[in-house]
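Take a look at the structures listed below.
Two complexes follow with subunit A in common, the first pairing it with subunit B and the second with subunit C.
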Partner chain A sequence: MIRTKLSEAFISLAQSNINYSLGLNTQLTKETLCQRTGELCVMRAYFERQQYLIDYALAALLRRKARNLGLLLVYTLLVFLFASVLLLSQGLRREAAILLQDAPEMIVQRLVAGRHDVLPAVELETLRRIRGVGEVRGRLWGYYYDPVTKANYTVMAAPERNLSNDRMLIGIALSRVRQVGVGDVLSLRAADGTPALFRIAGVLESTSELLSADLVLVSAAAFRTLFQMPPDQYTDATLTVRNPREASLIAQKISLALPASRPLLRTEILRTYHAVFDWREGITFLCLAPLLLAFLVLAWDKAAGLSPEEKREIGILKAIGWETGDILRMKLWESALLSLTAFLIGYLLAWWQVFYAGGRLFTPVLKGWSVLYPDFRLTPAVGLAQILVLLAVTTLPYMVATLIPGWRAAITDPDAAMRG
Partner chain B sequence: MIELHTVSKIFNQGLPNECRALREVSVRLERGGITVFKGPSGSGKTTLLALVGCLARPTSGRITLNGRLLSNLPERFLTDIRRHTFGFVFQQFNLIRGLTVLDNVMLPAYPLGRSHPELKSAACELLERFGLGGKALNRVEWLSGGEAQRVALARALINDPAVVIADEPTANLDSALSREVLALLGDLATQGRTVLISSHDPLIIEATLVNRVIELHDGQILGAALAVA
Partner chain C sequence: MLITPAIIALHLITAGVTGTVVLAGGFAVQILRSWDIHSGSELQIRLERQTYLISTLLGFALCAELLSLVLFVHTAENLSSQFVGAMCATGVLNVNAFGFPSLLLKIAVFFLAALWLLLNGVDQRGYDYPLVRLKYWLLLAIAPLTVAEAMAQTVYFLRLEPEVITSCCGSLFGGQQGVAAELASLPAKPTIILFYTMGGAMLVLGWAFRRGLALGLLFAAGNVLLFGVALAAIIGFLSLYVYENPHHHCPFCLLKAGYDYLGYALYLALFAAVASGLGAGLLAPFRHIPSLQAVIPVTIQRLTWTTLSGLGLFYALATWLILRSNLVLLG
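And now, the complex of A and B:
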């Protein structure tokens, strides 16, 4: 049987501990030394025993290659699917949090009977007068439906870009779907029905694609022409607060000063994102639940029913001196080796799929419902709690499913087990 | 010394297919030498050896080893005794397929946690002794019947047991191979081990190496009520 490198390392570590312990303390009496040596020998024997059991478990897995390979494939697929959903949604949540770090601390919208309405410019002055409020800026933005691509774009005025009235910057997803680039002309239909022609001055960088995929940036004047927005009105306003800890207090003051307004804090927006991703994650898991059940049935069938050959093998092992505990430990190693290998391969594949292959498998469900999907790479991140939960859900049931029949066969008299 | 006092073994007790394999058997087996249990198929030879070797528990009666009662010991202690006192050679060899000859020989010592180089060297030594040194890395399914039986014998000896139990060791072998196996068992007895064999092979029963023969029929020992061997 091949002595595994892992178990070899295990033994050499134990050996080095023995040598270290014996050599370090030169003041040890002979008796203490003997006692210590005895304890360490017991420890060494324990590690040797585990190594033999791992070797045997590995050989047992290889002896039933076809069955275990099939199980490994299904198992890996299951871990891959669940890990993909978890990693993608966690990555999106993290990405949203990173992007919102640069977002304004507060957005103030105007509501008319619960419906979003434009914000009169005079209300910006009211906001500036509230104590604790820093900079206040009116924003111009709106959704534009493009019948050509059947997609919504987010059109926004960007005074800081100093764009002339016939120039625009577009997001990379829009550039892809309309097959246009820098220097090309894009025609949008203005609110009065006339075509508005814009020359593309640039394409927004892909690093910010989560927010900019469907974005169109134009000058404020061009925006007002396109949407027929009067010069004394804004879509909403952004503001900074001098003391971020007082943000909710200032939001209350704004609600009192402008009863028709709705202040939105950055933390609330982040919470909403989390809720949306949680909901979508839950729906995806619900869809994957039948797969998990199917796997559990398969695992139970494959693992729980020991073949007569396996029962006989357990009988032989017991007859030649293995005790029930040895059989159980061997079975535990066998199932752990299979399930942990599947977990490792499945998780690494999911990692690659999500962070390096664009997570295409679950993009339609988890990224959004738009026609223009942002194409971006998530920052790789590991959540220990997430790994532990996935590990528990996928490996524990299998390990239990293999242990029970192993235990049943192991408690039978060896003679009876060998006779079958 | 192994003693059996009015030992009975019933399989499937209370069921329609109940089978009385042994009926109140009492026998005393002294240390050393070769003892053969003879009798036709179904006479209870294998069951008797399984009970002696702690592979099964009697339905009733007592079994003692050097005065220590075995029949009511918990499984863990029974395994410990089986591991250190008995070595088994089974009729069907019972080697683990898919493993090498060397691995099969080393298997009984795995739970003891002996160091690998030491264990491997002991196993290789045994294989050399039985003329199988060159086949150590072969898979057991490639072996002939005689070779498999010798591997089973090497495996039985890896933990250096005081008692070797061989159940029909020549059942699947031709006369030449049977003589070879018998000679090996004789060597073990010469070394001071107790060898217990079940067989209905005349070649074994009539061999001069054999010290005692106990006959069984229908789960009972023929002759004296308490056989002393």
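And now, the complex of A and C:
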């Protein structure tokens, strides 16, 4: 059995070698011809030589299927993990940027002892008087803890929806968790302990789930009744700025006019989102670093532990005229082919996992968590910089880690190698 | 300090490159001391064997250096949203004193590395390795630069504090003093004339160099000069045409998505052209070495062709950018 295997290996080896030698001969003939026909010939001969080396490397990889398949699996898993982190955080960053496009340019909150407090309606007038400020609107919103689902809902007054005082609109996640739909009645407990009954007038559509998952929209009067908020108070205020380039200047003016307030700029919020996602992504990468190290040790070990059969193979190749450089190049092609396959499979799997399977793997780490977390799909996108980072983190170290064992194999003397 | 995957990847690449080059530097010392191609001693055979490893390792390291240059600029560009006052890579590189030195060192290492790889490629095709000493001397010159680059980059990223308010490209290229401001204030018409004259001169020189290899050093010097003129042209007038704004001179904003990443195409063409032109010119003096007589002319023809194609692409792109722009700078 072993003998048959060995002879098969040698037949394939001999065939590849004939091809390769043919390649070398062709190159020699072509180099002579090139003196007459010029530059393109040398290039073609060079590519043909690489093609024969690739052929040989591929045959060599296939001859040791079991070993290489194991390595390929681990390598693919590694690329998959790193690529998942990168694709997921890039998707989340994009999503945050798209959502914030429609957010108000500035939010003004009132602070008492460093904590967020309600904003008196009279301060809206002060804001309107600042030059450069466009429209100012007081917002009513808050959190409602529901002991039934053990989750917080975001309750918001939506005057533009013209809801009557006993009607509400709810988010899709809330409708799912409480198992209620249009026409059902939902009871909330008001701040004074009395039950407040609302009939559900509609469920917010799922396209805006990131915003509306846990959202409850009611009328302003119903909101004030529910939270016992006096009519001359708002949660905070949103304002538009006539010239967006002056936003930071207007924020300074607001801080002077209302010293106990905190203006929040949309650009600042976006900057914070970027910083948070970058940081989480970086930390997850660092957590995966030991895995990378372990993989590199494995790859080194696999590449260094040549079987007697492989040693014999290299010995024969050198005896029939292969140079050290050729063997080294062949070994490099082996690593490159394995890397390319693992990279492609790993990246595609990560792509599928993040964009089509909900990205469950790193979601809690990168997105955060909540009882009523929105279920949304990210928009697929490829970034060249991402691929460069991935190549630098996975493929480059692997190629270098297998290079030294490959070189050790390549410099072995043919007679020593063939004797084993 | 900021932790992002790109920064981690850059640290990884730089550590790998520096480690490899320092290791190779140690080996270079040994080669410079004991290399004797006519000897059959065990040491000489060991050294010959090690050259395979070192040149392959350096090939990887230097390709990684190119990757690191692109990634570094892209990362700086990407981080610009996180620094108050930064609008592009300029602001982020200006956050502390180590940003621009890191970039300049990376560019220097890139050109020297390209030169080393070309020397190595030619040397390995000569049966007696005639350039072995020269290339390892060059390696000894590259090694301290990579160490300096690694240190500058590490300190730069460690001191990257998002609280720092930096200055945008407008204040660097629109100021009154400094090289950047001088370049930005170049008068448009003479700079455009110089830019195209230089292109024409290089075309003629390239054509002459392909016929008479004695012009090698002149061709190399021409490439260095062209690199300077091209950068001055980008800052002086090309950027104005792209942004369609007579006061915006930034060479980094070209890399933004808003300008279709045009900068990458421009810079990659320019860098590739200049690196191969420099290599071709500096290889020419070695064409008389017997074992390289067949190799060097073919290599030079190929490199000169790459230089002229790269420059053709760069000039074509620049001309297209000027023609499609709505800005009227002359007339």
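Rule of thumb we're sticking to: the second predicted complex is superposed on the first by the 376 of 420 C-alpha atoms of A that agree within 3 Å, B and C clash if a C-alpha of one lies under 4 Å from a C-alpha of the other, contacts with A are read in each partner's own complex, and residues count from 1 in each chain.
The criterion applied here is as follows: a residue touches a chain if its C-beta (ideal position, glycine included) is under 8 Å from a C-beta of that chain, and two chains touch if they have at least 3 such contacts.
The model shown is predicted, which means the values in this text are computed figures rather than measured ones.
When the two structures are aligned on the shared chain, A:V185 is found in touch with neither subunit B nor subunit C.
In the superposition on chain A, A:W322 makes contact with subunit B only, while subunit C stays out of contact range.
In the superposed pair of complexes, A:A416 makes contact with subunit B only, with no contact to subunit C.
In the superposition on chain A, contact of A:E313 is made with subunit B only, not with subunit C.
Of the two partner chains placed by superposition, only subunit C is touched by A:V85; subunit B is not. Once the two complexes are laid over each other on the shared chain, residue contacts for A:L53 go to subunit B alone; subunit C is not touched.
When the two complexes are overlaid on their common chain A, residue A:A294 makes contact with neither subunit B nor subunit C.
Of the two partner chains placed around the shared chain by superposition, subunit C is the only one that A:M399 touches, whereas subunit B remains out of contact. The contact surfaces that subunit B and subunit C form on subunit A in the two complexes overlap at residues 324-325, 411. For subunit B in complex with subunit A, the touching residues are 47, 50, 53, 55-57, 75-76, 79-80, 82-84, 88, 90, 94, 96-100, 103, 107-116, 155-156, 159. For subunit A in complex with subunit C, the residues that touch the partner chain are 34, 39, 42-43, 82, 85-86, 270-271, 274-275, 278-279, 281-283, 285-286, 289, 324-325, 328, 332, 385, 388-389, 391-393, 396-397, 399-400, 403-404, 407, 410-411. Within the complex, the subunit C residues that touch subunit A are 2-10, 12-13, 16, 20, 49, 52-53, 56-57, 60, 64, 67-68, 70-71, 74-75, 78, 81-82, 124, 162, 298, 301-302, 305.
If you check the complex, the residues on subunit A that touch subunit B are 1, 3, 44-49, 51-53, 56, 59, 62-63, 312-313, 316-326, 411, 413-416, 418.
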